[in-house]
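As written, the chain order gives the labels A, B and C, with residue 1 at the start of each chain.
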Amino acid sequence: MLGDCLENVRKSAPLVHNITNYVTVNDVANVLLACGGSPIMSDEPEDVEEITSICGGLNINIGTLNKRSIEGMFLAGAKANELGHPVLLDPVGAGASSLRTNTALSIMEKIKLDVIRGNVSEIKTLAAGSGTTKGVDADAADAVTEENLDSMVEFVNKFAKETGAIIVVTGKIDLVSDGERCFIIRNGRAEMSKITGTGCQLSGMMTAYITANPTNKTEAAAAAVCAMGLAGEIGYERLQEGEGNSTYRNRMIDAVYHMDGDTLNKGAQYEVR
Amino acid sequence: MLGDCLENVRKSAPLVHNITNYVTVNDVANVLLACGGSPIMSDEPEDVEEITSICGGLNINIGTLNKRSIEGMFLAGAKANELGHPVLLDPVGAGASSLRTNTALSIMEKIKLDVIRGNVSEIKTLAAGSGTTKGVDADAADAVTEENLDSMVEFVNKFAKETGAIIVVTGKIDLVSDGERCFIIRNGRAEMSKITGTGCQLSGMMTAYITANPTNKTEAAAAAVCAMGLAGEIGYERLQEGEGNSTYRNRMIDAVYHMDGDTLNKGAQYEVR
Amino acid sequence: MLGDCLENVRKSAPLVHNITNYVTVNDVANVLLACGGSPIMSDEPEDVEEITSICGGLNINIGTLNKRSIEGMFLAGAKANELGHPVLLDPVGAGASSLRTNTALSIMEKIKLDVIRGNVSEIKTLAAGSGTTKGVDADAADAVTEENLDSMVEFVNKFAKETGAIIVVTGKIDLVSDGERCFIIRNGRAEMSKITGTGCQLSGMMTAYITANPTNKTEAAAAAVCAMGLAGEIGYERLQEGEGNSTYRNRMIDAVYHMDGDTLNKGAQYEVR
């Protein structure tokens, strides 16, 4: 089933409009191409509505936001809503500054979101309406663990119901919930956190997955999480002696490039509650 | 002959001012260093005229444009014209939005361009004065093929005459025309389109080539197209099992880094009409 | 001793706020992760003070500066000073344009800097209060050589005393001076200059080093220079046939990723005067 979601991306080659940070944007573009999608980046308010109109989905990432790009996010989001395009929000650094927290909350209020994908600290900040996080990485104290798994599943289910969005929390254990069902995913490797932008890459790729699977978005989001985690596992196995995080980044995207539905079906590690 | 154009870049190490998008800018910088040039990036209106003045050539790329950088493009272009520096325009996404189409058309009107390099949909948009393209990739329906080659050569020759610029259309078959002669080039591989920014990289490198070969710009532009395509072929051959588009990007730039005039002369696949 | 500086970075995982150019920002983020630090990027004036507040150190890099990001630099710098966080300035392209020179000089005037790190042309420009440099690379005529070493050491010692900042000049021979002592460092390879942003990467990593070694900043700055140069040596040795500057970039960051204090102590090539 998850493999079908992947194959639908390759078949339909969805065009994804990304308003994203300048730190990881190149990797987001390459992972979108690797998975079978096609990326466009545009953040200028005067440009975004037309660009969104020719795309299939919209990926809003608030890392390195500025006032001009924030305006672009709202305009693009409104246009995507008007056209019925799926919209994903990646609230990078929500909780780390008022501007980021408030921008994310305001986007949630004014734009109908299909998916909100972040680390656990960011998602908790959004659920609480405020927060303090240690930068762009999740606080260790917030982590989803086997011990707190039941309560975390309950938390994301509740937040999904409240927002009407699929909630995706990524970390050692990943959760994907639409309020009714929660995918609990155990793919990936800890070393992925030593590559900048694996979260941003996942958000870009996930936008392609939900765009290519419009009637099946929860599975599509879960498939994207499994595919990225599995690519992290495959890429890690392929590392040669002496290779570190920079080459690992390439090998991970390379693994996305070669992944097919069968590989994903065999490698996906998840349960549904 | 094409090999001499390459060697002239290595000998003169031209400094190239790039006003370019933030998606592929790092690769543009590295490919410029790889080919023997030297990159500088600057898009702030208050900064661009002085930066252009110390450079040899100017590369204007309208991907991820914004109002501030557009102002920078016009100021830098005027200064480059005043100083007699070669200027290249890469009309990324012309046809995909009014802002991009109009900015490209306005640059063509106000700045004397030595080269306009784009995919076929972008170039057709500029020739028609308007257009609709599917994002930043060329429409399949527009592609230059063996079947429509004669009419496409006629089209680029005519557009080169009209604009006074060398017109470079890249795709499966590449065309480089100065209105009198048209180079038809068959280097490269289809997989290059799965790397973000191969077009942007080519535009950066081509600016170095025309800057280092001021009396021979058409050959220089053709040499850059052949060199990039050949690097794509060499890089592809060097791919190891499991390597995909991310590593391919590196291997392609690596191939540019090691290429000399002899290699280019032997590997270039072109005819002149 | 230098090895301890490296280990302190891994132990304390300093969070570094980077206001840096969009050309090399991804590599800066990955090298910070590789060395054991954690990067955040933010340049919006409304965002920078809070981001700096949650970080341990601030890295200001003026490549691709614009009026908005310049405002962010001053606000972040003032906040870092207020909180006693170490601040590093990388004056990319000082001497190449008035905006860059004046911004760097103004930052020196208004913000207490712990380190100024640049190539020799940039540092000479700042010391003279004006200058003309050939882009973002050092002029060959300015280079630190065995012949002019005594006078260059005197120069950096004097400039360090005048500014109260540790002065770091990088090139074939690197100098790190706090006005009393000068580290003369001979690690690295000439081929590193064919990778875009090795200087920017060093500045990011050095900010992590001085943040993790607050009572020992001169040694920490020297340790960062040795570590980056040594990573360049190790990465170069690992290059396979046909690999060039793009892969070299990855192998260099990979070498930072795997480096420990012992490796640094054994590989560091320096003398102190």
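Going forward, a residue touches a chain if its C-beta (ideal position, glycine included) is under 8 Å from a C-beta of that chain, and two chains touch if they have at least 3 such contacts.
Because the structure is predicted, anything quoted here is derived from the model rather than measured.
Asks: Would you kindly give the rotation angle relating chain A to chain B, two copies of one sequence, based on a CA superposition and rounded to a multiple of 5 degrees?
Replies: The superposition gives an angle of 120 degrees.
Asks: Under the over-half criterion for shared residue numbers, do copies chain B and chain C use the same patch or different patches to meet?
Replies: At the contact between chain B and chain C, which are copies of one sequence, the residues are largely different (under half shared).
Asks: Compute the distance, rounded to whole Å, between the mean C-alpha positions of chain B and chain C.
Replies: About 33 Å separates the centre of chain B from that of chain C.
Asks: Of all residues in chain A, which are in touch with two or more distinct other chains?
Replies: Correct list: 22, 26-27, 249-250.
Asks: Across the complex, what residues on chain B touch chain C?
Replies: Checking each residue of chain B against chain C gives 15, 22, 25-27, 29-30, 33-34, 38-44, 46-47, 50-51, 54-55, 68, 234, 238, 249-258.
Asks: Taking the touch rule as given, give the residues of chain A at its contact with chain C in the complex, in rising order.
Replies: It comes out as residues 21-24, 26-27, 63-67, 93, 96-100, 132, 134-137, 194-197, 242-247, 249-250.
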